[in-house]
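Sharing a structure below in structure tokens format, with a few things to ask.
To keep things simple, chains are lettered A, B, C and D as they appear, and every chain counts its residues starting from 1.
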Amino acid sequence: MRIHEYQAKKILSEYSILVPPGFTVLSENELEEVANTLGFPLVVKAQIHGGGRGKARGIRIVRTIEELRSEVRSLLGKRLVTSQSGEEGKYVGKVLVETFEEVKEELYLAILVDRDVEGIRLIASKKGGVNIEDVFREDPSLILTELIDPRYGLLPYKIRRVFFSLGLDFALLEPFSALCEKLYRAFLEKECLLCEINPLAHVPNKGFVAIDAKMVIDDNALFRHKDLAEMYDPTQEDSRELNARASGINYVRLKGNVGCVANGAGLAMATMDLVRMAGKEPANFLDVGGGATKEMVSYGLRLVHSDENVKVIFVNVFGGILRCDTFAMGFKDASPHIYKPVIMRLSGTNAEEGLRIVKETGSAIIVRDLKEALEKLKEIKV
Amino acid sequence: MRIHEYQAKKILSEYSILVPPGFTVLSENELEEVANTLGFPLVVKAQIHGGGRGKARGIRIVRTIEELRSEVRSLLGKRLVTSQSGEEGKYVGKVLVETFEEVKEELYLAILVDRDVEGIRLIASKKGGVNIEDVFREDPSLILTELIDPRYGLLPYKIRRVFFSLGLDFALLEPFSALCEKLYRAFLEKECLLCEINPLAHVPNKGFVAIDAKMVIDDNALFRHKDLAEMYDPTQEDSRELNARASGINYVRLKGNVGCVANGAGLAMATMDLVRMAGKEPANFLDVGGGATKEMVSYGLRLVHSDENVKVIFVNVFGGILRCDTFAMGFKDASPHIYKPVIMRLSGTNAEEGLRIVKETGSAIIVRDLKEALEKLKEIKV
Amino acid sequence: MSILVDETTKVIVQGITGREGAFHTERMLEYGTKVVGGVSPKKRGQTFLGIPIFGTVSEAVRETGAQASCIFVSPMNAKDAIIEAVDSGIKLIVCITEGVPIHDMLIVKNLIREKGVILIGPNTPGVISPERCKIGVMAGHIHKRGNVGVISRSGTLSYEVVSQLTDLNIGQSTCVGIGGDPVVGMRFVDVLELFEKDGETEFIVLIGEIGGSMEQEAAEFYKKSMSKPMCAYVAGYGAPREKKMGHAGAIIMGEKESAEAKIEALESSGIFVVRSLAEIGETVKRLLYS
Amino acid sequence: MSILVDETTKVIVQGITGREGAFHTERMLEYGTKVVGGVSPKKRGQTFLGIPIFGTVSEAVRETGAQASCIFVSPMNAKDAIIEAVDSGIKLIVCITEGVPIHDMLIVKNLIREKGVILIGPNTPGVISPERCKIGVMAGHIHKRGNVGVISRSGTLSYEVVSQLTDLNIGQSTCVGIGGDPVVGMRFVDVLELFEKDGETEFIVLIGEIGGSMEQEAAEFYKKSMSKPMCAYVAGYGAPREKKMGHAGAIIMGEKESAEAKIEALESSGIFVVRSLAEIGETVKRLLYS
């Protein structure tokens, strides 16, 4: 689960990591007070999930109350389109107004779960303030990493190894170590997949300051972090995906026009692949799940059908725990609402009974196997 | 480092482990208020380091204010002699006055560092309230233990393993697990060598209550536990041992009359062994340490000499980091105060120079080697 | 032979009295799996379908001599259950549970490596050596005993593939679902190593998907250390970045985690990559008999 | 041959610029030990007695090829220093530091076991193969090259014993101080195993003391797995219970931790136990040439 910058900074503050003084603003009325408290120059930052805010003018420096007002007005309540947001953009429900810190050198610091080595990785670079993947592509030697075994924790020597390669003044070893230890504690206790401070600045007379912060929390761990679960911001997601999830269905909206419905995440991905094999583009990923009821099936079908881009629906079900007859009953329930063509492949447990029920509705083009499905997908005009 | 029962209970309370309501009392003046607050019956417990209080009448149940007064009066400021205290007894500077809990079943629960397996051990028994070593001798099957790997922590299944063997009602699994987890956290965070609750009682409508508690903290870890270091109670130790420690000298008073002075803990022990080989009893263990100065040597010699039991002093030094000439200078400094006979063996680094200095003082019977030392020890009348 | 499990494997079920645990224990017994005990602290001392229920795994192992365990506990208890199994002498652990926190798995994975125990999953359908032993939740009847080893990160995809094989009368030696989470016990390479050594397995089908780099690892291992013919399929071609595709582990976090990158790695190691799910069965048939 | 260290062993010193570290580095160099580098974050890039100082152990290992490390850091930094050494590829670690918290050592000991690295200490004088290599703080000149292996929990006692041996013209193959703390790296049995295999060692002297049960462990191991002659001495006969005798580890917490119990165990395993410290040298001479 992504959280907003202001939320991540609040967590970092709890671990006594310095962040610029600032306020989260929900309406223009608060601006005068904020400006009086903080003083200028200030920076206005749109709170959306996903990067690319800088280039999309989601981050703006202001020097007067008028500038502050107009910049906040132009962001708050609007949708901000960035390189990562998709063309519909992300809703800006809050802006963060912070003291603008003049910094000379921007560093990068992150701790993340590295699935390839099945461990935790500390990453630092003296080239912060930019996308770390770009830095890695251009000059991997600028990126320093250390693996952390959670059984032994983040030991001081690992931090020293990274620190020496950063080429900072030796006097900064102690505050840098303290910073890393705090960040690791936050990472561990909040069960993050990623804690990133980028840029990280060293401000004289203050110490290390997290200018920007990103946190991704393990969805699977939210059951033991009520406070974090409450940080979830539904405005940052596609409302269809949200509704689907509320019904226990995995749905991801894509850009094509062939709606896909399958059971099981793997089969749902493979279903999209088949659509592409046929030279078409899938409109979505949809997995009704192994334990789906006919209500969930019906809901999933109507959800896909309701997408205006969808011209045809490809149903690909291999019955197991979800039996084909249960699926067919769900299809039958949905069928009065379905007028777009449906190509349906039903195999596995209780396939015969399922096919009988589907046939009765008369609302589907039934195919015997995936090969025939592929042919039908190729034939159909969308 | 041992701490008192009332201190251990305070720590357990911080981890929300239940203890009987009570007050630590330093003077009789407080008793009326304590009695009014708690009500009778109460239990009065002398706060001394070391067990055996029960049989030594260091723990007394009282039912009236008069009883309370007289029992507290008979303990406070006195020395309590128990089976473990030595004949001089232990000073009772504080008494703990607690609500008396009527309990049916007394359990035992402890977590300790087990040096043999180099791990942490959880120990439980349904036979609490008595010395656990006695239980073990009589019927080891009554004692259940689980090893804890600190890298993985105390996991629920380990607690279940112990719990099922205790034969308690299943409904108590959850509170018992919570108790064990709290105790483990206290053990770990306070860097204990031992956390023992004996007896542990299950009081209906309350839960598990620590009727008595014992904690031993790792001396070597005190540098990172200022709060614990402050719990140190010098009244519980021999004042000579205390003074010696303050001067950097390891000294343990024993019952014999041959004073021993050596450098290095191993050699100091072996020196005592030699005294015993000669049919005599050592009056002390004394290790001036490898990095001793002549001042420390002088102090150590005078300390041993000042023990009224000591009739003769056996000095056994093997010069290494502490050179024999340094030792001899210390001896020279002390010699004006020394009138009891001294048998001295000086070997190793700068032995010749050391022996020359010692000879000048004329205050020691110098022996060539340990064999001759042994003979001299045998000969001498004490 | 087969890998991991066979007709002699004695299995206990941790969480046997839960809904899932009870249902699938019955299915496993029907299939002929030697389920010899269950663990459920609450129902200690009772029986289920004639199988004794124990309070702890160590008790179950002591009383039944089980070597394998199938875990159905809740996500919050999975770490404890796996470590309990390891600590009690279980040598093969199949963790069905979906939704285990990743920080728990990081700890577990270190333990597994340290102790040399085999863990399959979590978030896996399990492992089956057809007609001999099934530890998990897959439908037994679609499988058939034979010489093709199947490894998959996805449950439904492996059912699909197995069913295509069985329909073409191609049996399987063992089918292993390694699980759909980012951090799992056995990785592709661990299973491949066993298949390579197994006398019964003549051909291997690997079913990968987006996310992580286990397919690249497998490709490298294949090139260096394997001789048996193998084909692969990778789900999620053209999937968008940073979007979770159902499985917790099916998310593209960088270029190399895409299906395209994986397919390229597999092909460059000489592994035949099937592009269409529809053709896996036939491809295996063609390659197996060529 | 010798065990653990010889003239080829390349050593770095962690904490080389501290008072103790600097002093003993000079002594080690004088003795002929190949000290090839030092570690001191603060003095990174400088040299000490011509030896380069590095900021991290990994850097030191990379630049010098050291296999062994001698640690002189403060008690609060010992855990970090040992784990850094392990993680940087050091195979033999000698930790001189006295006063390391026991909870730190419990973690370290698990790591050591997991990684198969050798740790001597903490709270040890170190290890010496006379006239070849000395890693530690013992006086080199009292040692003499020869065929007796010496193991001890106490520094001064081993000096005493070694000196008696050398005075009788009996040399030592290797002398190992395992350290006086309750939890140490190598235990008696670990060293005994090496001595048993070592071609140079013909006789072994073991110097135990009260506390713990390492002597019993050694007795059992001797009976089961050793053929070389050996004698032992145990310090602290008749010492009182629950009183720490100098060493953190020299404290009797139960009957079996007394010198009496240890002596009994050693004797019943056929090990000759010398009762008087005065006679160890002569006893070795008698047993060695009998």
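Miscellaneous remarks
The definition used in the following text is that a contact is a pair of C-beta atoms (placed from the backbone, for glycine too) under 8 Å apart; a residue touches a chain by one contact, two chains touch by 3 or more.
Keep in mind that what you see is a predicted model, and the values were worked out from it rather than measured.
Any chain touching chain A that also touches chain B appears here: C, D. Across the assembly, the mean Cα position most removed from that of chain D is the one of A.
Our note on geometry: chain B versus chain C, Cα centroid distance of 55 Å, whole angstroms.
Between chain C and chain D, the centres computed from C-alpha atoms are 48 Å apart.
Our note on geometry: chain A versus chain C, Cα centroid distance of 28 Å, whole angstroms.
Across the assembly, chain C contributes residues 107 that each touch 2 or more other chains. Looking at chain B, residues 151-152 sit in touch with two or more other chains.
Taken together, the touching pairs give a contact graph of some other shape, not a line, ring, star or complete one. Interface note: chains touch in the pairs A-B, A-C, A-D, B-C, B-D.
The touching residues of chain A, when paired with chain C in their complex, are 84, 113, 115-116, 118-120, 133, 149-151, 188, 191, 193, 218-221, 223-224, 250, 252, 254, 262-270, 272-274, 276-277, 285, 287, 290, 318, 320-321, 347-349, 369-371, 373-374. Considering their complex, residues 151-152 of chain B touch chain A.
Those residues of chain B that touch chain C in the shared complex are 152, 155-157, 160-161, 164, 170, 173. Looking at the complex, you find that chain C touches chain A at residues 75-76, 99-107, 109-110, 137-139, 142, 152-160, 163, 180, 182-183, 207, 209-213, 233, 235-240, 242-250, 254, 259, 275-279.
For chain D in complex with chain A, the touching residues are 41-42, 44, 55-59, 77, 79-81, 83-84, 87, 107, 111.
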